[in-house]
Amino acid sequence: MDSNTDPLVIGQTTLSSRLFVGTGKYSSDSLISEVLKRSGAQVITVALRRMDFHSQVGNVTDYIPSGVQLLPNTSGARNAEEAVRIARLAKAAGCGNWIKIEVISDNKYLLPDGYETVKATEILAREGFVALPYISPDLMVAKRLVEAGAAAVMPLGAPIGTNRGLKTRELLRILIDEIPLPVIVDAGIGRPSHACEAMEMGAAACLLNTAIASAADPGLMAEAFGKAVSAGRQAYWAGLGGRQEYAQASSPLTGFLHE
Amino acid sequence: MDSNTDPLVIGQTTLSSRLFVGTGKYSSDSLISEVLKRSGAQVITVALRRMDFHSQVGNVTDYIPSGVQLLPNTSGARNAEEAVRIARLAKAAGCGNWIKIEVISDNKYLLPDGYETVKATEILAREGFVALPYISPDLMVAKRLVEAGAAAVMPLGAPIGTNRGLKTRELLRILIDEIPLPVIVDAGIGRPSHACEAMEMGAAACLLNTAIASAADPGLMAEAFGKAVSAGRQAYWAGLGGRQEYAQASSPLTGFLHE
Amino acid sequence: MDSNTDPLVIGQTTLSSRLFVGTGKYSSDSLISEVLKRSGAQVITVALRRMDFHSQVGNVTDYIPSGVQLLPNTSGARNAEEAVRIARLAKAAGCGNWIKIEVISDNKYLLPDGYETVKATEILAREGFVALPYISPDLMVAKRLVEAGAAAVMPLGAPIGTNRGLKTRELLRILIDEIPLPVIVDAGIGRPSHACEAMEMGAAACLLNTAIASAADPGLMAEAFGKAVSAGRQAYWAGLGGRQEYAQASSPLTGFLHE
Amino acid sequence: MDSNTDPLVIGQTTLSSRLFVGTGKYSSDSLISEVLKRSGAQVITVALRRMDFHSQVGNVTDYIPSGVQLLPNTSGARNAEEAVRIARLAKAAGCGNWIKIEVISDNKYLLPDGYETVKATEILAREGFVALPYISPDLMVAKRLVEAGAAAVMPLGAPIGTNRGLKTRELLRILIDEIPLPVIVDAGIGRPSHACEAMEMGAAACLLNTAIASAADPGLMAEAFGKAVSAGRQAYWAGLGGRQEYAQASSPLTGFLHE
């Protein structure tokens, strides 16, 4: 099992890395290319707002190496209509046809609106977008997104930027079991061990932003996440052993001196 | 930060890997060399009982590559005296002067006896052994082991062989804070995410046996653990971001369509 | 603070108990009156299917004492239309105007369908029902239910009948913070400590069925839940102390023998 | 099952309440009698230092109603010898023959010293004290205390005063399984739900101090803890249902409208 025999396919694209990264909160845009390089990530999400279509400098996309898939997001959209407009703008601006659909009207917890997200996904998938909707881990919303033509679903582990880990673990597990699309855990992951756990559970990929961007050394943290995601995926395939109630000796316990 | 600038020093030995592995429960001894190779582990623990000093074949040490530090353990010892005898036998048999001190008289949970472990450590450290005692994560026992001359302490995350993870997390954290020796988490780790978490907390290393040996594909699982331990150590140095109560947007949330 | 000064008001009804119970899975219907009596519960939910409008015997409502509020549920409904039909039937049959709206089309995890639930709530609230919708703990669905005229929201702690506890704790906390209606935790609670925790967090009430019905001694378990819910509510008002990182002595530690 | 048929017997004393309380950190000593009354606690621990043998006023024991068992503690003792001296002083001062043995030399986490605690217990039990040693939840230490003649063992759930809950849950469970003495959880319990959980697991009693004393309304919190401990004990006897992986309908799900 390696990236050749276990690729992640989304839309028409085959990826060997299962780590997606974001571009927000970095103290300097130049860190982004370091993060991509050290993490091995092949998908990067960018808020359209960050892309300056007029200016010559400072455009975050300048720092994205070729070979990395751009995933524009609809951050700022408060309903389906706005998300659709942002997606079309992104495509028109040459950002390609992938879109992370993010519809948020709650300013405190930044929780996504499943209802508006399904509506936007229906429209955008029909228009040929590779639609990756950001959702709460709700099975019925995820089922509607399958019908709507989503390419993957991106449930949250905890509210955006909280670094709290897989607080929705039980619901994520159900989505992974039941949804015939890649389940990409997005939001809430604060540590490599959290990402590793998501992958062990069978998540298809993880999207990381705050935990890397807010680390004292983002490049080193990016490398750590790259390894942790890969480790979790390998463990998923290697077949985790069951948990035991009682201890089971690894070494022969008796008989050495007692024969 | 890499293994050159962040080595683990135990006794006189400098290690670049922070994963230790065991030799128990493997369906075939030949798997052990694969596990060492794929995990990058440089320390391997062996029960003296497993070493056949007379027979020509089947000796587990045949499968241990040169360059890997042998860590014989006193598995089977039920008190300090027995542990001391086993340690001396191991040294006399050419197994070197490292010893994992394991004193267990509880047959159900296989929990170590701190009192006898301290006694054995005092004796063996005085005789020049590099003593690595296996303990419950008890601060006062660990302090006595520092005084007794231990080279590291090896607290359990959960009972041996249970794969339950860091169930003693709060007590491990205290040991890591307070004990001026490497803290090596030994027992209970069942998944790469568990090992990664221990390293993020500041553990110096992890010892793995059951979780690798009982995987459907031990070689692949060994590779996963190697990465997870390294990822956790890097995250420790990279500076984990704090947990937040409320969400914090990664992307600019407002203003795109609302200017 | 007691039930006189801290009543739970739902619709026009004032309740002194914050424990709701179900009627499913009991080995004998006669247990139900014992459960009501020993737990002090004042609200009981019944699937309409359980109510035999023709037969003279075995009707579960025979066992419900006067003074207990009946909460018929729409169990069996797979969409809004079916839920509305069941609710109207219940009212016509003399079950009153309270209705627990349960719309489930997922047969494995029995997770509710937020979209259909909102639709049914809009219709039934307009018709004068006291509507208590059962939901996943999704903030945006809960906000829509407020607008739709719900009298309370009933988010799940874990899938129905699993006894797993507050696995959706983080999301429940957000609902309790943000929703200006009673939040009644329904499903997943397996132990009195789980119900107590929900109440400490500020839940308005808990609905229990499986954990009581499947206990070896349901009457005793009902009594335990009654106390635990009351304890949790009192703790909520008494003001829980903060968690501390380090120990803080309760007793004077120094000076006794060291003056 | 009630307090008549399920008493807690320690030494020669039969208790109907399974809540023990402390006397530290109260803003006013007069609160203590309110706490005893509202919680129903029948055992109260007092640091000898708090007892003023000379002064006429302000002695905490003045506030302890008759019928409540006094449990002096050896708080301030840093080794076995000091604990023994304090215990003897307490007895000589008329405090009776119960003693909570607390030996702590760690000033940051206030973790007990198992080795010195065993020594003190041996001496004091031999002198006829009803010895209740405070310990880390270490099985081997607990086994030695059984041999030393302890009347109960008092393992910590988390460091004193932290309100963190049952962070040592796995180790407590082992003690409850293996030790043929009452296991009284002491330290770390911060909420009624924590105490309830300890009792559900089979703990014989809980000792609470900080969580009550530091509540905004200690009397109300005391009442909450009294109920929660009783609820947990009842649940233990009522037979907790098992946890399920998948949902299990409480109400009949199909057939209502689909026959």
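Just so it is clear, A, B, C and D label the chains in written order, and each chain counts residues from 1 on its own.
Criterion: a contact is a pair of C-beta atoms (placed from the backbone, for glycine too) under 8 Å apart; a residue touches a chain by one contact, two chains touch by 3 or more.
By chain, UniProt protein names: A, B, C, D = Thiazole synthase.
No experiment lies behind these values; they were computed from the predicted model shown.
Asks: Treat each pair of touching chains as one step and give the shortest count from subunit B (Thiazole synthase) to subunit C (Thiazole synthase).
Replies: When the steps are counted carefully, the minimum from subunit B (Thiazole synthase) to subunit C (Thiazole synthase) is 2.
Asks: Can you list every chain that touches subunit A (Thiazole synthase) and also touches subunit C (Thiazole synthase)?
Replies: none
Asks: Give me the C-alpha superposition rotation for subunit A (Thiazole synthase) onto subunit B (Thiazole synthase), in degrees, nearest 5.
Replies: 180
Asks: When subunit B (Thiazole synthase) touches subunit D (Thiazole synthase), do the two copies use mostly the same residue numbers, with over half shared, or different ones?
Replies: Subunit B (Thiazole synthase) vs subunit D (Thiazole synthase): same; shared/all numbers exceeds half.
Asks: Which chain has its C-alpha centroid at the greatest distance from the C-alpha centroid of subunit C (Thiazole synthase)?
Replies: B
Asks: Taking each chain's centre as the mean of its CA atoms, how far is subunit C (Thiazole synthase) from subunit D (Thiazole synthase) in angstrom?
Replies: 32
Asks: Please tell me the distance, in whole Å, between the geometric centres of subunit B (Thiazole synthase) and subunit D (Thiazole synthase) computed from their C-alpha atoms.
Replies: Measuring from centre to centre gives 34 Å for this pair.
Asks: Centroid of subunit A (Thiazole synthase) to centroid of subunit D (Thiazole synthase), CA atoms only: how many Å?
Replies: Here subunit A (Thiazole synthase) and subunit D (Thiazole synthase) have centroids separated by 46 Å.
Asks: By residue number and range, which residues of subunit B (Thiazole synthase) touch two or more other chains?
Replies: 108-109, 111, 159, 164
Asks: Quick one: which chain pairs are touching?
Replies: Every pair of chains meeting the touch criterion: A-B, A-C, B-D, C-D.
Asks: Mind pulling up the subunit A (Thiazole synthase) residues that touch subunit C (Thiazole synthase) in the complex?
Replies: 105-106, 108-109, 111-115, 136, 138-141, 143-144, 158-159, 164, 167-171, 174, 178
Asks: Give the list of subunit D (Thiazole synthase) residues in touch with subunit C (Thiazole synthase) in this complex.
Replies: Checking each residue of subunit D (Thiazole synthase) against subunit C (Thiazole synthase) gives 1, 22-25, 45, 47-50, 73, 75-77, 82, 85-86, 102, 104, 107-111, 159-164, 190-194, 196-197, 200, 209-211, 213-218, 220-221, 223-228, 230-232, 234-235, 237-258.
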